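Two complexes come next, and they have one chain in common, subunit A, joined by subunit B in the first and subunit C in the second.
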Partner chain A sequence: MTSEETADRIERRREGLSHWKWLTGVWLILTAIIEPVIYFLIWPHLPPGNMTSSARGAQFDMMVLTMIAAPVMVAVLAYFAYALIVFRHPKGRPLVDGPPLRGNLRVQTAWITITSAIVMGAFVFGTYELIVPAGAGGAEGPSPIWTPASHTELPVQVIGQQWIWTYRYPTFGGFETTQLMLPNNTEIAFHVTSLDVIHSFWAYQLGVKADANPGVDDVAFTQTNQLGRITVRCSELCGIWHGAMYGYGEVVSPSAFETWAKAMERRLAPATRLLPPFAWTYTPSANGAGGGYYPQTDPYYDKTLYDQGRSGPEGNLPALRVEKSQRVG
Partner chain B sequence: MQQSVLTALLGSAIGYLVGHWLGNLIASGYPVVQSSGYNNVAIVLGLCFGVVGWMVGIGTMNYPLAKLVGREPVPESPTEGWTRFFKMTLDHKVVGMQYIVGVLMFFFTGGLFAMAIRTELLSPTTHYWGPDTYLQLVSEHGTIMMMMATSLVVGPFGNFLVPLMIGSRKMAFPRVEAASFWIFMSGFLVILAALPLGGFNTGWTGYAPLQTEAKQGMDCYLVGFAVIGTGMILNGFNQIVTIVNYRAPGMRWTRLPIFVWSMLATSFLLTLATPVFFGAVYFGALDRTVQTAFFVDAHGGSSFLWENLFWFFGHPEVYIMALPGFGIVAEMLPVFTRKPLFAYKVGAAGMFGVALLSFFVWQHHLFQSGINPDMRPLFMLTTELISIPTGFIYLVGMGTLWKARIRYTVPMLFCLALYFNFLIGGVTGVYLSDVPVNVTVHGSFFVMAHFHYTIMGGLVFAFFGGVYYWMPKMTGHMLNDRLGKIHFWFMFVFFNFTFFPLFIVGLLGMPRRVFEYAPRLAHLNDFSSISSFVLGASFLIFVANFVWSIWIDPKPAPQNPWDSKGLEWQVPTPIPYDNFKRIPIVLADPYHYGEPDALPVADLGGELGLASVGAAGPSAAAGAGTSRTGAGDGQSRIVGGGPDE
Partner chain C sequence: MPKAARLALALGIFVVAVALAVIGAMAYLRSNPPNVDYAAGHQSGQPVHLTIQTVGQIGFGAHPSWVSYLALAPDGRWVHSTLWQLPAHTLVDVTVYEYDTGGPLRNQVFGSVSGVIGDDYVLNGKPVRLLDSNSGNGVAHTFSVPALGINVPLWGVPSSAKNICAHAPCSFSSVHNVITFSFRTPGPGQYHWQCLIPCGAGFLDGNGGPMQSIGYMGGFLKVVDA
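Let's turn to the complex of A and B:
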């Protein structure tokens, strides 16, 4: 190698370093501005709020992912902006080829290492945030494997049908309402099922989503910790009125809930008697929606409860706070 | 009468009537038919026979049928003139251009449906269409666009460019190639036939049991996807066989253009994933016609089965819609940066990494379905892993831009737009893959915006970049530069204006496929809707540009207007029927920009205007080339026979 070539190499290297310095500087400044903005200004406003444990968890996860994604996006966009300005071909000049760089082992290794590290980090974080908060408000199917630490939870059955959501409270005689009422500071176990096609129960403010499948008891957990209104929408296309399949509800204080539920149980007793006895899934009648539904044999179903429900003076079921040990299917 | 699209239409009409009659003969006595008044057997058989009639009418069956009955088949002669675009042809270049018009028919029809959807969403409560029509529009839009996107690049550019890029005179199976195009177009008729039959209301995902109870238009969805799927499989294996066996001497795997690598990876997905879906739509058709219960819970089936089968195909399919876009941009970048492709091997490996992983991620669509929750961490891992090989395409792009000489031509602008759009699409994909966050974003407009950013922002932008880039070689005319830039900026800006607000709308709680939404989301939806109308109008600029540059004010394009080193640019324009006078001997990869000592990409035999290499150069290098590729010698013998052997 002649000394001229060496000098040329050093010159090119110096030029490359100055590009890198610029880029790193821009990236550092932008990241230093954006990260606190995300943490302090954006985090509190991220969906779906913090009404329940799962909503708060989703909000936290979204913040973390945004804080990871922001520097990556800033780096890529800053690089593109820099390259597109600095490395453009001057207009009107004859076409000249660029330097024949076919690869750079260090750059390639660094790229693969960094992206793999980010991905593995996101995976470990996501798995922790899924398992520890008992499924993070997501659907866990009929035999949930990540369950809440508390031993008592309020079971609420969510029944999707074309095109309305109804709720049955097995703890209070299995009465059925169209309004989702929940006590505050309580662990809730949603048992979502469908009478016809696939729906998806999306209680936005609760951070809960679970598909309602016919013949399946789909369980999702969350813990309420704030009073407020709830909007429920269907998020799986279920036919013509899918867009109009929404309802409302409220998280109220435990005593208010108790009063409401007892009153409803009494008031609705005549109607409850006409309903099919409470079960975790129902087989729709041949007529489909609105044509009545019948209990299916399933591991949760208890024959004695069924009989009491039929014959009792008010169709009343005994308290059905499910113990964890009992729930294993 | 010569066979053309007219005889094909006639054949499909006859076929439909025969099938419909047969279906009525078989099933009109079924209790379910008598009680409902709907005979799905007649519709399904009518559609199937109609497609067969179409394929017979266009002439794809002539050769195999003649062989079958032991007659000497009449060889198809190369046809000339504009009528050849309406006939079955063995010229891969004509098939490629037919595909361009075909996919644009799909795209513009689907785009009109999209604007109709956005019209309904202008107001949270006032309805322009009503819920039934709205769902038909949503379903038709989704299905047509998905059908289009599976072939958007593999069809036009795969068929047109792959033989040129690898130095072959034809695709491996020219008749299969023609059949794959014509069966693709019959899918267009089948899916539009759903509208007079009452449409279908399941969206493009077609979830059972809603599918089972849907109107007769659903049969068009099932048969339509089977038909399109057949075309995908045919096209896929044809590409694989061509790429593996028809490379010219010296075209080693390390010299293969990156676009061909992307076609190869995509073709594996086409051939391996589509049969699963073919089975699924077959089950669905059986459930609807002869009352089997594959997907009916009450009779021993399961709605999960459709979800599993659908997404087992559906997720590889998503990458069928991403990889070709990557291939196009990686192919164009070196030309407009005047630099070799950076990290070529990493890019090719990335495409195969994506292709392989795409078979292991399908249950991330079912995170909230209640299906095996213990698998959730695994599918979260595989889904997030796929962002590593996808990231390679950014490594390739960013490395190629480093110290480049960037020319801002229209194709280059589309190429850069892909990097911008796909960045947003990819990063939002990580949110979706994270199960706790997925609880909120699943099934919302967030997902919808995400996949529009990847498919439209990625593949469709790459497609239009490809059209501007290769049009001079295809038609012999440059598209107008100024109109092209106006088209690009309108499309890019209003694409982002249309879809970015929908991320926010989704995060604020708006589910997909609804016709009513919370009034507080009206402003964002209006902004998106109005932008979508401008986005739609931007394609009129493209059409105007096309008409202007090809017919009104045609300017002959130079042989190699972009100064590319690609093999496809070294042949004269218009490209002769046999592409190469003799099979070229490939001497180098097409990316040796800035390497003054490199050999030209291929030795074309001197007559075809290649910058001549020294007298001793090509033969010596050719010897080296052939000796190092095992396929070399056999190759020239196979191809030497020409298309009518």
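Let's turn to the complex of A and C:
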């Protein structure tokens, strides 16, 4: 190597170090700005809110992942902008390629180490958060890995059927209703099942999402810690009216919940007696249609309507007319 | 004509043909089933009378064996449609002529009447709040509007009857039940309603076919400003 080549190499290395210093400086400044913005300003507004322990957990996870991702994004964008400005090819000068990265052990080692650390960190953090702190609000099947320490949770059975959700409260006589009402500051155990196809119970503000499989008791835990309205949607395509399978619920004070539940238990007692005994799963008949019963046992039997074929019980209704296009034959 | 011009002309004709086909298909889909309009000409403060019937098989059209609802239009025609336009904030007096056989409910909770005025209805002259579908004729269908909390189970007719209607619109000479109830429409919007009985016989879980088709066992209450 000649002395000229050595001098050129040293000069290029000095230039390279200078670029790195600039880039690192810009990256550090931008990261120092964006990280507090995420922590203090964006975190409280990240979905799904903090209405329950699982929602708060999901919000925290999103904050951590956003804070990990933000410096990476800043680095990419800063390098992009820096390259556009500094490495711009001046008109009239010969095009010279930069130093090759291949064989550059320091760059390769740094790249593999940093990216592996980020991915492995996200993997360990995600796995821990999924299982350990609060069950993450996801369903854990009939034998949950994580269970709350209190063991005093309120069980609420969620039953999916095309295309509506119903809820059973086993600790209040097992009444069933289309209203989802929950007490505040209470550990809730959702037992999710289905009477027909696969649905998915997604209570957005609660941070709870659980598949509803027929014949399966899918358990998800959460603890309520804020009053408010809940939106429930089905998040598994379950037929043409899947989009209409939504409803609303509410987290109320424990005393209001107690009052509501006891009133519902009393009011719905006749209907509850017709329900199957409470179970974690049900095996419904394949099809409710068919009949097979006889008017002798019919409490609503009306001889006029059933047997005589008279021209209608209410004389003031309009006469039945058949539209021509609807006739057959 | 130059080759490029011929190509452009052919392309233009193709685009116009595709556009016409799409517009035609959309127009057909939007017009079928038709909208039964109870809001037009409605006088404010007056109730709307909605008369409907449920039949075990429609007897005509593309799916003659399917269960279905029909509505009596204001001009006195029975219309095969489940899209009913109603005025907002108005009392709706509903009369249902139920012509289908029934059976046990998959979920007995839908044997309860809810969301209608007084939380009960009149079935063949008797007030009813709850139907036991495991006895008698069972429940044939429900009229349920989940967003409004409305659920009205419709008692079935005896399957042993000799005069079961097999072709809609059914007349009073066929065995039937008469159900009356009232509800109040909310503000403007489209409210999906459906039958919650899996009555699509022959389909998976009874929930295919008519259960998934507008015009048969589900539709919309199109509530509009009066």
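Note that in this section the second predicted complex is superposed on the first by the 267 of 329 C-alpha atoms of A that agree within 3 Å, B and C clash if a C-alpha of one lies under 4 Å from a C-alpha of the other, contacts with A are read in each partner's own complex, and residues count from 1 in each chain.
Rule of thumb we're sticking to: a residue touches a chain if its C-beta (ideal position, glycine included) is under 8 Å from a C-beta of that chain, and two chains touch if they have at least 3 such contacts.
This is a predicted model, so every value here is computed, not measured.
Peer 1: Return first, second, both or neither, reflecting whether A:L268 touches subunit B, subunit C, both chains, or no partner chain.
Peer 2: So A:L268 only meets subunit C here.
Peer 1: Which partner does A:L195 contact after superposing on A: first (subunit B), second (subunit C), both, neither?
Peer 2: Only subunit C is touched by A:L195; subunit B is not.
Peer 1: In the superposed arrangement, which partner chain does A:W280 touch: subunit B (first), subunit C (second), both, or neither?
Peer 2: neither
Peer 1: Of the partners subunit B and subunit C, which touch A:G247 in the superposed model: first, second, both, neither?
Peer 2: Touch partner of A:G247: subunit C, not subunit B.
Peer 1: Is A:G239 touching the first partner subunit B, the second partner subunit C, both, or neither of them?
Peer 2: Both partners, subunit B and subunit C.
Peer 1: Considering only the touch criterion stated at the top, classify A:E176 as touching first (subunit B), second (subunit C), both, or neither.
Peer 2: second
Peer 1: Look at the residues of subunit A and decide whether subunit B or subunit C touches more of them.
Peer 2: B
Peer 1: With the two complexes superposed on chain A, say which partner A:F257 touches: subunit B (first), subunit C (second), both, or neither.
Peer 2: In the superposition, A:F257 touches no partner, neither subunit B nor subunit C.
Peer 1: Common interface residues of subunit A with subunit B and subunit C?
Peer 2: After superposing on chain A, subunit A residues 196-197, 239-241, 244, 284, 288 contact both subunit B and subunit C.
Peer 1: Mind listing the subunit C positions that touch subunit A in their complex?
Peer 2: Residue list for subunit C touching subunit A: 51, 59-61, 64, 67, 72, 76-80, 95, 100-109, 111-112, 114, 123-126, 128-130, 132-140, 144, 146, 149, 151, 155-161, 163, 167-169, 171-178, 192, 194, 196-199, 201, 204-208, 211-213, 218.
Peer 1: Given the complex with subunit B, which residues does subunit A contribute to the contact?
Peer 2: Contacts found on subunit A: 16, 19, 46-48, 54, 57-58, 61-62, 65, 69, 72-73, 76-77, 79-80, 83-84, 87-89, 95-104, 107-108, 111-112, 115-116, 119, 122-123, 126-127, 129-131, 133, 135-142, 144-146, 192, 196-198, 200, 202, 204, 207-211, 213-216, 218-219, 231, 233-244, 283-284, 288.
Peer 1: For the complex, give me every residue of subunit A touching subunit C.
Peer 2: So the residues of subunit A in touch with subunit C come to 159, 161-164, 166, 176-178, 195-197, 239-241, 244, 247, 268, 270-271, 274-276, 284-295, 297-302, 305-307, 309-314, 317-323, 326-328.
Peer 1: What does subunit B use to touch subunit A in their complex?
Peer 2: Touching subunit A: residues 131-132, 134-135, 201-203, 205, 207, 209-210, 213, 297-298, 303-304, 337-346, 367-374, 376-377, 380-381, 384-385, 387-388, 391-392, 394-395, 398-399, 401-408, 416, 419-420, 423, 427, 430-431, 433-440, 442-444, 507-509, 511-518, 563, 591-595 of subunit B.
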